[in-house]
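What follows is a pair of complexes built around chain A, which joins chain B in one and chain C in the other.
This part shows the complex of A and B:
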């Protein structure tokens, strides 16, 4: 009999973006315990599976920095030191959690509560404003399957899925054939609103080039036109009045429309007010036809971290436990803001790289204080950390639950074992909780 | 060889996504995210070859990145740096009380620095530790 060299894991959920494609096939070398082939994944997702293989930028044992260089230490010593730092801190920050599974996220909430720290996830720097807007005005939304089967008008506003969610167009929103959209792309009208003629815009039926930071004005001009107001100006936010009228007619005539919105709305001036207005537009469009909207979530389980934080504390992000009970106030307890005010005195970063993704001023303040990183890879955060706790990749090296951008939970699969001494995020956080409890005499 | 009154946007690109999954501390990441893309007409005004280092200056900081011509144009007056350590040296950290910094839409100025050196992610971020 021929000896099998690889085994194939089917229906693997991709742990990269919020699209959470669940049709990947991964070949794993039985002898080497490495990923040798990934089918059906996008360029980025495929790369993530390959990057889980042992390499010179993968951590395989716990590290403590001494005199500027990392030293390999046993797990016990690393956990001891990390727990000591956290237990002694008066205002520790626990941040990240978007690229790990829900069970680990709930352990993060538990640890933050014991420590009386500030707890935040990466929604804080991406769709946090969307959450604020949804809390203000609600959100008419649906699962992605409904859009696939029904939507004949798809609007991408401030979102570039060709780059950020590569398979979204093929699985849910554009090219895919649906139950009532049997001819796929030909049965759909695609609109892109963006300041740049993005690659998504280049394959759209209508591209609306809005001035940067003027989405709020354009959204309100569309709302006014929808109500029958004749706008005084010849153009709003760089878009001619006639084009706004054309878009409104397209929206009204659609059978089932959807707006997918991205960072173009949340990271521009007005932040949550942009999303507020977009939601109000969708609500008003429902006087004419069926219309819904969905945020294009970035990290694969960022929606999950919002869910887990919310069902544990009542709040989705920016949570402070310093009074012993959870308080919520973005702008005050959000990670970037506490760092900019130099409020924290230690940080625990879980499955995230704020040194790369936070503004320079916030990173500078984070580096002033002890930094613990639970991370599988060399990143600017982990390399500058005082303690590195090597983690297994959730969704590749351990199971767990993740929420898709439409808040549908999917079970992540384990395709291979983690290299070296890596533990899962959940196991590491459990060890930290146990030690911190011991130090605090609980 | 200076351009004023530009608007800087930042965001995801597929190359940046692939590079960050492949290793954030690699040269590949520099080539993917340590770049600034210009509209073709703006780039002509800079009078340099694509790939020449440029210094991008905003009210919040400055950073040296490689110049390149945008495939997602025309967008005259707009420059784009993929999200990551380079972009974050020059973004507006103000979150307007939402938690989310204003990563898009900063006023920017660009200077060609032919002999400028584009730092890799670790060099760039480690400077913040030393500061």
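This part shows the complex of A and C:
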């Protein structure tokens, strides 16, 4: 008999973006415990699997920084020191959680509650504004399968799936054949609204180039036109009035339309008000036809962290436990704001890299105080941390649950073992909880 | 009026939550008892006396005047839900000053943080400096914001002020905001609130206004396309019956909400 060098894991869920493709096949070397091939995945997802292989960038044992250099220490010592920092803090910040599985996220909520700290996830700097808008005006949405089978008008507003969610177009929104859309791409009309002529815009049937930061005005004009009002302006946000009328007609005539919106709406100048008015537009379009919208979530389990936080505390992000019960107020308790105002005296960052994407002032204040990072590989946050707790890749080296961008939960698979002394995020947080409880005398 | 004086002794390291500082809570208490009241700082509980010197006492809410000295930019929620009396703050104040207050008066001789007078239900809030975002606004997820009372800000106010304001002509409730200048999204989702701006405003004034009156005596940076010009007027009658004279251009909107609307925006001609 021939000895097999690799084994194949089928139907693997890709832990990269919010599309959560669930058809990957991963070959793992039996002897080396490394990923050797990934089939069906996009380029970004495939690279994530390879990045889990042992390399100089991977943490394999707990580290404590002493005089500017990291020293390898046993787990017990690292947990002991980390728990001491957190338990003594008056206002600790727990942030991240987007790129790990739901069980670990719920442990994060438990730890934040015991500590009386501030708890936030990366929605705070991506689709948090969408959640604020949904609280104000609701959201008509659906699962991605419905769009695949029914949508004949697909609008990408401020999102560029060709680069950010590469398989979204092929699996759900554009090139795929559905039950009522038997001719795939030919049965769909694609509209892209973006300030830039992106690669998604280049495959669209209609591209509307909006001035940067003027999405609100354009959506506003579309809504007024849809109400039957002849607007005074000849041009709104760089788009001629005639083109706005044309778009409104296209929207009204569609059998089933959908808006996929990205950070072009949530993180341009009007933030949640862009989404607010987009949702109102969709609501009003339902007087004429069927219309829905879905946010293009970035990290694979950011939707999951919102779900987990919400079923634990009632709120999806920006939560403060300092009074013993959860309170919610983005702007007051959101990670960037508390860091900018320097209201934090210790932080625990889980599966996230705020140093790369927070404002410089916030990062500077974060580095001023003790910083603990639970992270599988080197990031600008972890290399500046005081304690690094090495984690296994959720979805590659451990199982768990993740929520797709349309809030469908999928079970992540384990394809290989974690290297060195790595533990899962959930195990690390459990150890921290146990130690903190001991220190607080609970 | 019986005066109770508070003086900030030291700056708190973390924001101090001081919703206990209202005439309602101080009435009938001696200075020593007031010093023992609890404030919250981070996940710890501290005593009012740790941060403030206290003197004076009062026996009746409407007869109480609390005078606070010091830079209180890191102190939140003073005057929350107060029903009467007066608070005078000589210095800057942090977030949520006078939020949900039902009656009485707060005067801030300085700048205020975000959510000043949020969801005001009555009374008067006066700020001599500028104020942060969400002045008189609804808190996250609430569909009814400021219901009654008056907010006066001499300087500039931040974004999304008077969010979800709601008036009631039948009940004689006319939430009103006066300010020097305003940032974006002033009077968003307005349901009857009255806003008078002495100077200029930024983008998207009166976005999604169902009904209500916004008067801008200066310039609007960019106006929403969903407002339609109606003509010029020489006098404006506010919902509470008061009148403002001067040359204004009258706009109707926001037409995203309704084709025919009672919402009005007046901009100085």
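Convention: the second predicted complex is superposed on the first by the 442 of 442 C-alpha atoms of A that agree within 3 Å, B and C clash if a C-alpha of one lies under 4 Å from a C-alpha of the other, contacts with A are read in each partner's own complex, and residues count from 1 in each chain.
In the analysis below, a contact is a pair of C-beta atoms (placed from the backbone, for glycine too) under 8 Å apart; a residue touches a chain by one contact, two chains touch by 3 or more.
In this text, all values refer to a predicted model and were calculated from it rather than measured experimentally.
S.K.: Sticking to the clash and touch definitions up top, decide whether chain B and chain C on chain A clash or fit.
M.R.: Partners fit side by side after overlay.
S.K.: Applying the touch criterion given at the start, work out whether A:176 contacts chain B, chain C, both or neither, answering first, second, both or neither.
M.R.: So A:176 meets neither chain B nor chain C here.
S.K.: Looking at chain A, does chain C or chain B touch more of its residues?
M.R.: B
S.K.: Based on the superposed arrangement, let me know which partner A:330 touches: chain B (first), chain C (second), both, or neither?
M.R.: The answer is both, since A:330 touches chain B and chain C.
S.K.: Which angle, in steps of 10°, is spanned at chain A by chain B and chain C when each chain is reduced to its C-alpha centre?
M.R.: 80
S.K.: Please indicate which partner A:117 is in contact with in the superposed arrangement: first for chain B, second for chain C, both, or neither.
M.R.: Second partner only, chain C.
S.K.: Can A:227 be said to touch chain B (first), chain C (second), both, or neither?
M.R.: Touch partner of A:227: chain C, not chain B.
S.K.: Is A:367 touching anything from chain B or chain C once the two structures are fitted on A? First, second, both or neither.
M.R.: first
S.K.: One more residue to check, A:132. First (chain B), second (chain C), both or neither?
M.R.: both
S.K.: For A:160, using the defined touch cut-off, is the partner it touches chain B, chain C, both, or neither? Pick first, second, both or neither.
M.R.: The answer is first: A:160 touches chain B but not chain C.
S.K.: Could you say whether A:357 touches chain B, chain C, both of them, or neither, answering first, second, both or neither?
M.R.: Touch status of A:357: first partner only.
S.K.: After superposing the two complexes on chain A, what is the shortest C-alpha distance between chain B and chain C, in Å?
M.R.: The answer is 7 Å, the least C-alpha separation in the overlay.
S.K.: Once the complexes are superposed, what residues of chain A are shared between the chain B interface and the chain C interface?
M.R.: Touching chain B and chain C on chain A: residues 132, 270, 330-332.
S.K.: Would you mind writing out the residues of chain C in touch with chain A in their complex?
M.R.: By the definition above, chain C touches chain A via 13-15, 17, 40-44, 95, 114-115, 133-134, 139-141, 143, 160, 184-185, 188-189, 203-204, 207-208, 222, 224-229, 254-256, 258-259.
S.K.: Touching residues of chain B toward chain A in the complex: what are they?
M.R.: That would be residues 7, 9-14, 17-18, 20-26, 60-61, 70-75, 78, 80, 83-85, 88-89, 91-93, 95-105, 121-122, 124-126, 128-129, 131 of chain B.
S.K.: Which residues of chain A touch chain C in their complex?
M.R.: Its residues touching chain C are 89-91, 115-117, 132, 135-136, 216-217, 220-221, 223-224, 227-229, 231-233, 236, 270, 273, 276-277, 280, 321-323, 328-332, 341, 343, 345.
S.K.: Write out the stretch or stretches of chain A touching chain B in their complex.
M.R.: Touch list, chain A to chain B: 16, 43-44, 47-48, 50-51, 55, 57, 120, 124-126, 128-129, 132, 160, 162-164, 166, 195-199, 201-202, 209, 212-213, 263-264, 266-272, 298, 317-318, 330-332, 334-337, 340, 353, 355-364, 367, 377-380, 383-384.
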